[in-house]
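Here is the structure we will look at, set down as C-alpha cells.
Naming follows writing order (A, B, C and D), and every chain is counted from residue 1.
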C-alpha cells in the first residue's frame, strides 16, 4: 500500500471534554509533519455521507479550552452494518484519505476496528469517553473533567445537605462502568458508592444504611451509577420506605457531566495522544489505540482496548468505608 | 421597652448561598457595636427548642466563602401555629435575647412579622432566598450565585447539545417566581424561557417551537421553571410527540442550585445588609427587612416585603426573542 | 438626515468580559430590527484603516460565554487627533454606516462624543470597562466578572496566607477608581482596602496596621488599587520595615483580571444594554450611553457619563472595619 | 520496639491543595484502624514546641474540599539542626506518639528521614508539594490542582492577549523543577515553556522568538518557571529590546497558585495515600513515602524519594513545537 498523505479525523459516540483538544493536536501535529488533514463531521454518519472539510491550523485555533466537539458527533446505526461501512470506505477513497483517526469510546473504536479489518485500512484510535472504560490506558479523554464536574456538583449538594440535614442519592453517568461513581465518591467525600460492577441488592442497601447513614452524622451522600432499573430514584425510595424518619432527596446530574472546559489533565492527555496518533501513522502503525500508561505513550491493539475488561479496584470500597466514619 | 443588649440570629427556610456571609456580618458588626450575639440553630425549630449558642468572632471566621448555613436551617411547621410562636417567644425571654435577626425568604419573614406583631418583639429581616421574590430589594441573598450556577450548568449542557444537535429542556428552581428562569435564559443565551407568571399552554408551546427551535439552528435550549405539572419533562414530551424528528433531552438541575461558594455580589449584599441590620437595631428600627435598592440600603416594612408582588419584566420576552434569532 | 439602515459596532480601550455578549446582542437585535450590521476591528484604528466586515448572526454564534472581544480592541492614538477622526468619519461614509455603537470605557466614549459632535454623527455608547467608573449606570460591563475573579484569587491566597500565617498585600486593577478594591475587599473578607480616592499616607498606613493587622489574627489580607507610586509593593515594604516580625508577601493579580467567561450579571447587562442600543437608534436617540439603573434601562448623555464623577461610598470603610474584627 | 498506638500527623513546607484531604484520610483511616491520632500544628516547629492536639473525626469534618492546611505549616530552621530534632524527638516521647506521618515536599521528607535515622523512629511520608518533584510517585498532592489553576489563569490571560494582540510572559512556580511550566504550557495551549532544566540562554531566546512569536499569529503566550535571575521579567525585557514592535506584557501568577479547593485527582491521591500511610504503619513499614504509580499504591524508601531526580520528558518540547504552529 502507498504512502500516507492525507489523514481524516472524526469524533464519534457520546461527546467528551477534551475531544477538541485532541482534534487540535491531531490537526496541528499532522500539518507539522507534512500531512494534509480532513475533518469529518458528525462521526461515521459524516463519513458515509461525505460531510468532510479540509482542516488548517486556523480551524483548530482557540478550541483547546472548549468542551464538546467542533466536528459534532453521533451514534451511527448505519455504520454498524457492512453496507454502511462500505459506503464509508468509498468516501475515504473518493476523498483521498489514506488513514483515519477516530476519537471515541468502546463502540466507536469497535467500528474503527471493523473498518480496518474489512478494508485493510489504517485506523488509529484515541480514547475519548468520560466513562474511562477502555483497557490499556490509565485514563480516557474526558474522564478527569467529568470527575471534577461531579465533584463540584456534589460539593454544592453537600452545602444544602448539611444545612438541612438530609440524605442525598446523587446519580452519575457510567451505566456499564463504575469508575465515575467510585472515584467521585472518594473525591467528594461521599459516604458510599453504588456501582454496576456490584449487584447491590436490598440486603446490601440495608448494609449501606447501617454503615453509611445511621451514624452520628446527620447528613449523608451516596453516589449511584445510572442504571435502567436501580438508579438513584430506586434507592431513595427504598430508604424512604425503611427509614421514613430520614429526609431523603435525589439529584440526577445528567448531561451537564458531558460538557465544560476540559481539565488540565484531559487537555494534556488529548494533546499527547493526538501527537502520538500522528507519530503512529508516521511509524506505519495501524489499528491501535493511543493511550498513556505510567506517564508514557502506549499503542494498544484495538482488539485489546475494546474487548478486555478494565477492572475496578475492589480496595476502594474499603477506602470509602474507612473515610466515611 | 428596655435597651437592646443581646441579638439572636437564625436562618430559616431553603438555604441560599451567602447566608453564612450574612451571619458573619451580623455577628461581627453586632460585636463591633457592643452587642452580645446568640446563634440559633435549625431555624424557628431551634428557637422553639432552645438550640442556641453564644457567638464570638471566632464562630464566623472563614465562613464568608462557604455555601449553606452554619446555623443549619429548617422549615418549621410548629412555628406557623400560635402555640409554636409562644414557645419561641418564651425561649427569647429565657435566653435574654432582646432582638431577632431572621435570614430567609417569604415564609420566614412572614413568621418574623407574626412574632413581632403578637409579642411586640423587635425583628429585623434579611432577604435570604435564591428566588429573588421579595419586594423592595433589587436582589436577594443567593439569587446571583444561583443565576451563575445555572449559567455554568447550561454552558456545559450547550457543549453537548451543540455536539449532538439536540433540543434541551432545562428545569431550574423558582416554582412561584420566574426570575431565575428568565434571567438565566438571557445569561446562558438560551432560546426561550417558560415561567410560572405566564400560562404557557399547548398553543404557546407550538409557538415556542416555531419561534425557537425550527430555525436554521440545529440545537436549542429552553429554560423551564420547576412546576408540579408543567416542568421540563412535560414540555419535552409534548415536543417529542409533535416533532419526533428532534432529538429532545431533559436536564433537571435540582438541589445543586442551592449550594456553592457565594458570588461577589451575594457576599457584598449579605455583608451590607448584615451591617445594616445592626444599624437598624441601633437606630431603634424594628419589623423591617433590610434591602439594597439602587446601590443604597433600604428598610422595607415586613408587610410590604412579603405581601407586595415583585413584578417580572415583560420586556425580557422580547429581549430573548431578539437574541435567539 | 436620512434613515438609518446600517449600524457599525466596535470595541475600544481595555477589554472587558462581556464585550462579546454585547457585540452579540447589538448584532442580533440589530438584525431582528431590520438593520445591516458591520463589525469594525481593532477599535478606532480599525475605523481609521477600514478594517471592517459585514456581521451576520453566525458571526456572533457561541460567543456570549467567551471573554475578550472577537472584534479585537486597541487604544488609538490617532483617533485622539482631529485628523484621525476625519479619517474615521470618511470610512463611515465610504462603508455606508449610518450610526455607530461603541463599547468601551471613559476614553472610548469620550472619543465617540467628539466624533458625534464634530460630524453630527449618531453614536451610542455601551459601558464596557472593568473599572465601573462611568457615571449614570449602576455597573459597567465587565465589572462584576472582574470582582468575582479577584474574589476567587483572594480566596486562594487566603488559603496559603492562613496556612503560613502571613500578611498579604494584593494589588488589583483600578488606577483611578477604587470600586474594584473596595468591593472586592468586602467580597473576599479582606481586612482593609487602599484606594486612589483616599490619600493613604504613612500615618494612615500605621493606622491600618494597628487596626487590621495587629489583632489576634495571625494572617491578614489588604487589597490595594494599582498605582504608579503606592501600589502593593510600596505598602509591603513599609510594613516590613516597621514590623519586621510579620511575614509579608505581595501578589499582583495583573492581566488575568481582564479575562474569563463573563458572569451572569455581565452577560445580562451586556444583553440588555445591547438590545437597548438598537432601541435607541430606532427611537432616534443619539450621543447617549445605555446604562441600567435600578433594574431599568437608562440613556445617559455622553457628557454626563464621561465627565461626572461616580462617587465611592465612604460608608464602606466603616463596613470593612466592622467586619474585620 | 513496642506496638504502635498513637500516630502523629503534621504538614510542613509550602502548603499544597489536598493537604487537608490527606489529613482527613490519615485521621479517619487511623481511627477506623484503632489508632489514636494527634495533630501537630505548624510543621516541625510545632513538634519542637509541643503545639499538639488530639484529633477526632470531627476535627477533619468538611475539610476535604478546602485548600491550605488546617494544621498550618512552616519551614522550620530549628529542625534542620541536630539540637532541633532532639527537641522534636523529646516531644514525641512526651506525647506518647509512636509513629509520625509527614505531609510535605523534598525538604520536609528529608527532615523525616533524618529524624527516622537518628532516633530509629517510624516515619511515613506523603508527597505534598505542588512542584511534582518527588521521585517514585506519578504525581504529588497539589500538583494537579496547581496545573488547573495555572490553566485557568492562562485561559483568562489569553482572552486579553488575543483581544489586544500581545505577547505575554507568564511566570509560574517551580524554581527547581519545570513540571508545572512544561505541562501547563501544553494544557493552556501556550506557544513555549522556559524551564530550569534547560539553560535557555539568549540565543535560545531568539530561537523562541523565531519559532513561537514571529508566526502569523498576532498573540503569543510563553510560560516561564520562576527563577531568581531569569524569570518572566527577564525574558520580557530581552524580547522588548530585540523586537520593539511587539506589545509585550508580564504576568506573575504568584501565591494564588498554592490555594484553592483541590481537584478530584488531588483529593483521590491524598485519600488513597492517606489510607496507605495507615496501612504502612499497620504492616510495620517505616521510613517510606507513600506514592501512586500506574494507579497502584507504592512505598518508596525516603532516600530514593528525596535524592533521585525525577526526570522531565524531553519529548514535550517537540510536542509544544508541533502544537504551537
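The rule is short, and it goes like this: contacts are C-beta pairs under 8 Å (C-beta built on N, C-alpha and C of every residue); 3 or more make two chains touch, one makes a residue touch a chain.
No experiment lies behind these values; they were computed from the predicted model shown.
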Greatest separation from chain B - chain, by CA centre: D
Rounded Å distance, chain C centre to chain D centre (Cα mean): 36
Cα-centroid distance, chain B relative to chain C, in whole angstrom: 28
Chain D, residues touching no fewer than two other chains: 155, 158, 162
Every chain pair meeting the contact rule: A-B, A-D, B-C, C-D
Complex interface listing, chain B residues touching chain C: 24-25, 28-29, 31-33, 57, 62, 64-65, 138, 144, 147-148, 150-151, 155, 158, 162, 183-184, 186-189, 261, 263-265, 267-268, 271-272, 275, 278, 293-295, 313, 319, 321-325
Partner chain D, residues of chain C touching it in the complex: 11, 15, 17, 19, 66-69, 72-74, 149, 153, 155-165, 168, 249-260
